[in-house]
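Per-chain numbering from 1; labels A, B, C, D, E, F, G, H, I, J, K and L assigned in written order.
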Amino acid sequence: MKAVHVINGPNLNLLGTREPATYGTLTLAGIEARIAARCAQEGIDLVFRQSNHEGDLVDWIQEAGAAGAGVVLNAGAYTHTSIALHDAIRGSGAQVVEVHLSNVHARESFRHASTLSSVAIGVILGFGALSYDLALEALISLSKSKKS
Amino acid sequence: MKAVHVINGPNLNLLGTREPATYGTLTLAGIEARIAARCAQEGIDLVFRQSNHEGDLVDWIQEAGAAGAGVVLNAGAYTHTSIALHDAIRGSGAQVVEVHLSNVHARESFRHASTLSSVAIGVILGFGALSYDLALEALISLSKSKKS
Amino acid sequence: MKAVHVINGPNLNLLGTREPATYGTLTLAGIEARIAARCAQEGIDLVFRQSNHEGDLVDWIQEAGAAGAGVVLNAGAYTHTSIALHDAIRGSGAQVVEVHLSNVHARESFRHASTLSSVAIGVILGFGALSYDLALEALISLSKSKKS
Amino acid sequence: MKAVHVINGPNLNLLGTREPATYGTLTLAGIEARIAARCAQEGIDLVFRQSNHEGDLVDWIQEAGAAGAGVVLNAGAYTHTSIALHDAIRGSGAQVVEVHLSNVHARESFRHASTLSSVAIGVILGFGALSYDLALEALISLSKSKKS
Amino acid sequence: MKAVHVINGPNLNLLGTREPATYGTLTLAGIEARIAARCAQEGIDLVFRQSNHEGDLVDWIQEAGAAGAGVVLNAGAYTHTSIALHDAIRGSGAQVVEVHLSNVHARESFRHASTLSSVAIGVILGFGALSYDLALEALISLSKSKKS
Amino acid sequence: MKAVHVINGPNLNLLGTREPATYGTLTLAGIEARIAARCAQEGIDLVFRQSNHEGDLVDWIQEAGAAGAGVVLNAGAYTHTSIALHDAIRGSGAQVVEVHLSNVHARESFRHASTLSSVAIGVILGFGALSYDLALEALISLSKSKKS
Amino acid sequence: MKAVHVINGPNLNLLGTREPATYGTLTLAGIEARIAARCAQEGIDLVFRQSNHEGDLVDWIQEAGAAGAGVVLNAGAYTHTSIALHDAIRGSGAQVVEVHLSNVHARESFRHASTLSSVAIGVILGFGALSYDLALEALISLSKSKKS
Amino acid sequence: MKAVHVINGPNLNLLGTREPATYGTLTLAGIEARIAARCAQEGIDLVFRQSNHEGDLVDWIQEAGAAGAGVVLNAGAYTHTSIALHDAIRGSGAQVVEVHLSNVHARESFRHASTLSSVAIGVILGFGALSYDLALEALISLSKSKKS
Amino acid sequence: MKAVHVINGPNLNLLGTREPATYGTLTLAGIEARIAARCAQEGIDLVFRQSNHEGDLVDWIQEAGAAGAGVVLNAGAYTHTSIALHDAIRGSGAQVVEVHLSNVHARESFRHASTLSSVAIGVILGFGALSYDLALEALISLSKSKKS
Amino acid sequence: MKAVHVINGPNLNLLGTREPATYGTLTLAGIEARIAARCAQEGIDLVFRQSNHEGDLVDWIQEAGAAGAGVVLNAGAYTHTSIALHDAIRGSGAQVVEVHLSNVHARESFRHASTLSSVAIGVILGFGALSYDLALEALISLSKSKKS
Amino acid sequence: MKAVHVINGPNLNLLGTREPATYGTLTLAGIEARIAARCAQEGIDLVFRQSNHEGDLVDWIQEAGAAGAGVVLNAGAYTHTSIALHDAIRGSGAQVVEVHLSNVHARESFRHASTLSSVAIGVILGFGALSYDLALEALISLSKSKKS
Amino acid sequence: MKAVHVINGPNLNLLGTREPATYGTLTLAGIEARIAARCAQEGIDLVFRQSNHEGDLVDWIQEAGAAGAGVVLNAGAYTHTSIALHDAIRGSGAQVVEVHLSNVHARESFRHASTLSSVAIGVILGFGALSYDLALEALISLSKSKKS
């Protein structure tokens, strides 16, 4: 695994930018920094992106699949409704770990279902920024076990 | 409230441009003119936009929330399915009045549910262009009552 | 439009009479006063009523329809279950604007559906007493546009 | 069977009183006259009533049951939701024929279910005023076959 | 109306032929005799048929529609599932009164829905053989009122 | 707790008045007598009422809430459908124990759900008249434990 | 039990006639031979039939019921939708054992429900031709235990 | 592909025979003529049939499968409920193109589901008689591409 | 019909570009070539497009509608969820034939429903690239029959 | 009634043992003490048990049924899913009063249904430890009324 | 097949021990005796067990699977809810015949579904103790046909 | 965090013990060894357990909660149905990470829902034994971040 693409969906750009006293100061840039540091350590190229457009996420999954990169995907609200992303993962052969910052199962019922999980390698959710770290470790670990 | 953003979703650009004998001559530009006149009267800046892209609507809600503007939102077909817009309203703190030209409850059942209403201040629907006027009055009235 | 009938359903008589520190001091009489003032301005007769009986609401809708009056209807809990009120609106030809004080879509799911909306002109909800004011403006505006 | 009680529910008082060119000139009084004539012929006392109040219908079913009268019941909109009427029929032992003027199965789906049918003797629907006539014939015929 | 076709569906041939002590002695032939007598009185030709085959019922509905005959239809079990019969009634223009011997709404829930009711003139159910008599009276009465 | 209001819904007036050999001789008056005796013992004022009208029950719940009385509520058939009663309990702050004579869960499925239970203190059902006695004991016991 | 009727529904005539390398060589004639041998042993008359017509199956169930024969019924696809067969079994008093060659519960979900099971004596499924053998043994065994 | 079997289900025999001013003059014979002409051109034998009996359609699918013929199937109302036809297609190995004259998805919701589509090669619907033409072209085209 | 717009939705750009040994070598460019050849023959202008963005598809449908072009639409995953595309077809008056390469009814259940079919002329699915060819023939044929 | 068995299900052993400041100090031992005192008064033997194992609860219900003891059953989480406990109550003939400490209807929806209520004598819920006291009084009262 | 394990679930130990006049005198021991006799005849070891604990049944299925024994499983109430038993059968490779004494499809609807059937060889139900006998015959027969 | 309890539910003891050529050689003991090594490194006590009994899992969750241990929970089949485990986690205050070896969302639909996720810290699934490793890292990481 030469590269990891971290793909973030709608409204994740808002993270930590509003009322930090209430919602915490964690920002998407902060998450990117943590992931970048770990990637550097392992000599992995990192592409870290965010968009509010479902079509952008589809484009990027296809790109990652074509590049043979591992993918950490937090599709935000599109997690629950996007068949296009489901097809992009399956069609492009991208190796995807689905992550969520919050425990979606402790929130509204419309957040409990994911159209993506069935075509992901696995799912990690509920650990905040740590969800991303663990997903990266999972990709690294799986990559190493394939080589051996 | 220094500004109002009126955000229009998919296919609202078609309004009044096709078969006026049948569908009436009301255009989105006509609605904008009415709203602009009233805003001018109150010294409120107006941003009036339309897009067929869900992602644009998410971007614009975030922008309005950041600017502290009041929002009149007619999300068209995305009203019924978009969790991304729901999250954008909640995440950006935008003060949104949901409007619809037609009485959606007198149309197909798939138009009866809205993913947006629960995070809007309120909903006004069924009055044609007047729905927009009333929404603007509501924002002005709420804004004045907060000041006092 | 010579007259407006404002018809209030079950438990709206409790408004503002209990624990004002918690629930606010808005009373149904207060709403009536606001509406009466505006009607006086426009030379419109006002009938303002409340009942806990579904049958009374049906009787009053029929009466308003027969009188050719505009109707502002807050049917309270009967909004969600009453087919009798649905039929009264349709059968009497009453011109009804459905209103709600609270944003019913931000409350329990059994308050999300309305049997009345499909036969109302339109719906205005979530703005407190302002919902009634806007409904009155809608009726006045629609009445004037018919004349012209 | 000494008496027949014909009990009519909400909005049936509107029958024929509005836009006769469109909806026909059949009135509830007209139906009563037809039924009264036939009852006179058979020497049966007739009680013919209408109310928009569910509670009145419950009271009247109980009264009919206590009097041992046959009942022709057109419960209108309460047909589809009233468990109280269901219980009144069962609890009072009233012999009820459920009727409807229109073919409710050719209308909106919320008119397809009846809470009353399972405790009625039978159901007759779709024949206009003739539905009432046939229901009366059914009660007379059943009454005679019991005597024999 | 020169003719009436009475069409009976599956298992109605079993009527009264088994354990009369328990199920009563009413037979389909008995019903036919009653209907035939009344038709003779009115000078109406009678076709009275029974089949366990859904296709036969479709054939016969088409035949009745082509002949301009009134139809009394007890489709038995096919009442609850047959879209083919629904289409036959609609496609052939047959004037159909749906009947049932028993009160189907007091039986298993899978007998509560009918695919036929929405394309019938009306429905009469629960009165035993009397259901057929009443259906015939309805057809005669409707036929006479059309002539006048 | 100075007073207890026992509020009975539709068809409970029929109790014990019909076919006592079959249904038992328990009447609503008999239940009232038992409750009255126990209230007298405790020096509690008793209001004991029955109505077939949903609106009356709403009125009476509001009255009991305003009076600070404890409420024993057997809403009969309205238990399963009335949002108006739900709102009356919540809006009036009435302290309500929901009771049923029969075990509603051993009856038809449409009697299994209650719109009232979630806003009652508790529910007691299935013990016949004893359900009322136990509800009264519950109110007395809770009232005493609050004082201490 | 003097006779057993084995009744086979739609497409069972295809058994073993197509691509035997893939689907096996078991034919309906083969099953008949096994059943016939065992019947001969017990002195039981055998009627063994197949049809693709639901109406034929209804006719044959009625015939078997009238003859007091035991029935082994593999209704094929009609198992899942036929209320007519349900009624034929109940109405004719036929003693039916429902069988299936395959384990229908390990196949598509639309094969999991049977309209017939509730009126059969019992069900045997999943054992291939052995299902028929076991059904015959069950009928023989039950018949003998009745005699004793 | 030496032969094509065109199999038509219930009520398609009514096509064009009733009120041509309203429903058009297209008849099943007309469709057959068009298909026959094209088949002749390609040297393909044509079998063109219609029945109101589900069992006949099952028989004919089996026959077509055994003959290795291509099948154009318009199963009419049985499209939506017949598992027997589903099994016949799968069991016989028939190569079936499902067609519909009308756009079933623009009609009642009970016409939206098909039990047959999943075992057909493909589906063509909404083009009137042209649906049949296109289905024939599809079969010819697929047949030629197999040969090559 | 001077022009045909062929509009392809998400992930159709992946067609044939990945693991051709497994998935076949058919590419979107290949489909375009076939369609272009046929259009050239008929003197029809061809616009052939693909996007992963729902909004682009809405824009393009509007454009085609305004141009009076015939449309072949394979909306991919958006077929199953997009009300915006439904509205675009209806609002723009575009003449649309819905196509799918695969037989969607033989795949996952979430691919069985289409929000688009009810506003398309017709649907063709399951024939691979041939689906596009047949859709083009349908548009040509319909266009010619209109002229005549 | 010589004995009462109080049977407590999963997690009731946690009662009052954790964070008493938040959850109160009521323990299962405290409830047992209250019940034991009252039983002693009436000369009733008390068996008071708790288990987290569904099978233990089944064993104990059987034991109580065999002993002819009255049962107070708080099955905790198994209330909502256990058919085994339902069968144990019915099969053993145990006289069971179902109790709950909390008002389960004011909690998550998965706690609203009980598999046990339909085979219990009655249900008492929402009164905390008082629920147990009332259940015991109910058993004593019912026992005495049987003797008399 | 050297051994058969007959595994019985909750409440089957109650069989025949209570009110024999009503429920019959068949006991689990009686069933065991019949099975034991037949096993002895065939030289098959028999393990015959019952437990009210789901976990015991899982343990025993695993044990039987490890031993390569045939299994007759009557899981009682756990039949309808236990995914653990489903997994035990699949995971252990046990060859299981599911049996039921009663015809579960003629009882409450919650007894109609089985989580086990899809991983059993087959199902036999409704024949009382004979269900066990037939299941044993099935296992013997299948075992013999494998050897040959 | 002084201790970690790893709790394994039904059938996980079968892991790797059957047909290793097919299912892999990973055993529960192998997972324990990996976890034990990492715990030793961090000086964390490890309790590693498996049971097929739901009640045991409840007991152990309570024990872990009382001990203040972190919990890695793979509840196997009980994940999908156990409210008792849900309550144990919430009632005991145990800090639980839910894990699954397989990607449950890529398996049968009855494995998609979890009653446990909403009361877990987070969920990790689909990575085989690595799921356990990642869960342990999550607990360690969360524990360290609390200290700091």
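Just so we're on the same page, a contact is a pair of C-beta atoms (placed from the backbone, for glycine too) under 8 Å apart; a residue touches a chain by one contact, two chains touch by 3 or more.
Given the structure is predicted, the values throughout are model-derived calculations rather than measurements.
Trainee: Please find the path from chain E to chain J through touching chains that uses the fewest steps, and give that number.
Mentor: Shortest path length, in steps: 3.
Trainee: Where each step is a move between two chains that touch, what is the least number of such steps from chain D to chain K?
Mentor: 3
Trainee: Of the pairs B-C, D-F or H-I, which one shares over half of its contact pairs with J-K?
Mentor: Repeat of the J-K interface: D-F.
Trainee: Copies chain D, chain F: same or different interface, half of numbers shared as the threshold?
Mentor: different
Trainee: Return the distance between the CA-based centres of chain J and chain L, expressed in whole Å.
Mentor: Distance between chain centres: 32 Å.
Trainee: Taking each chain's centre as the mean of its CA atoms, how far is chain A from chain K in angstrom?
Mentor: About 48 Å, centre to centre.
Trainee: Let me have the rounded angstrom distance from the C-alpha centre of chain A over to the C-alpha centre of chain F, please.
Mentor: 55
Trainee: Which positions in chain B are in touch with at least two other chains?
Mentor: 53-56, 81
Trainee: Sort the chain contact graph into one of these: line, ring, star, complete or other.
Mentor: Graph shape here is other: it fits none of the named patterns.
Trainee: What is the complete set of touching chain pairs?
Mentor: Every touching chain pair, ordered by label, is A-B, A-I, A-L, B-C, B-I, C-D, C-F, D-E, D-F, E-G, E-H, F-J, G-H, G-K, H-I, J-K, J-L, K-L.
Trainee: Which residues of chain K touch chain J in their complex?
Mentor: Going by the criterion above, the answer is residues 9-11, 13-14, 18-19, 51-56, 76-78, 80-81, 110-111.
Trainee: Tell me, which parts of chain J touch chain F in their complex?
Mentor: 103, 105-106, 112-114, 117-127, 130-131, 133-134, 137-138, 141-142
Trainee: Touching chain D in the complex: which residues of chain C?
Mentor: So the residues of chain C in touch with chain D come to 53-56, 58-59, 62, 81-84, 86-88, 91-93, 115.
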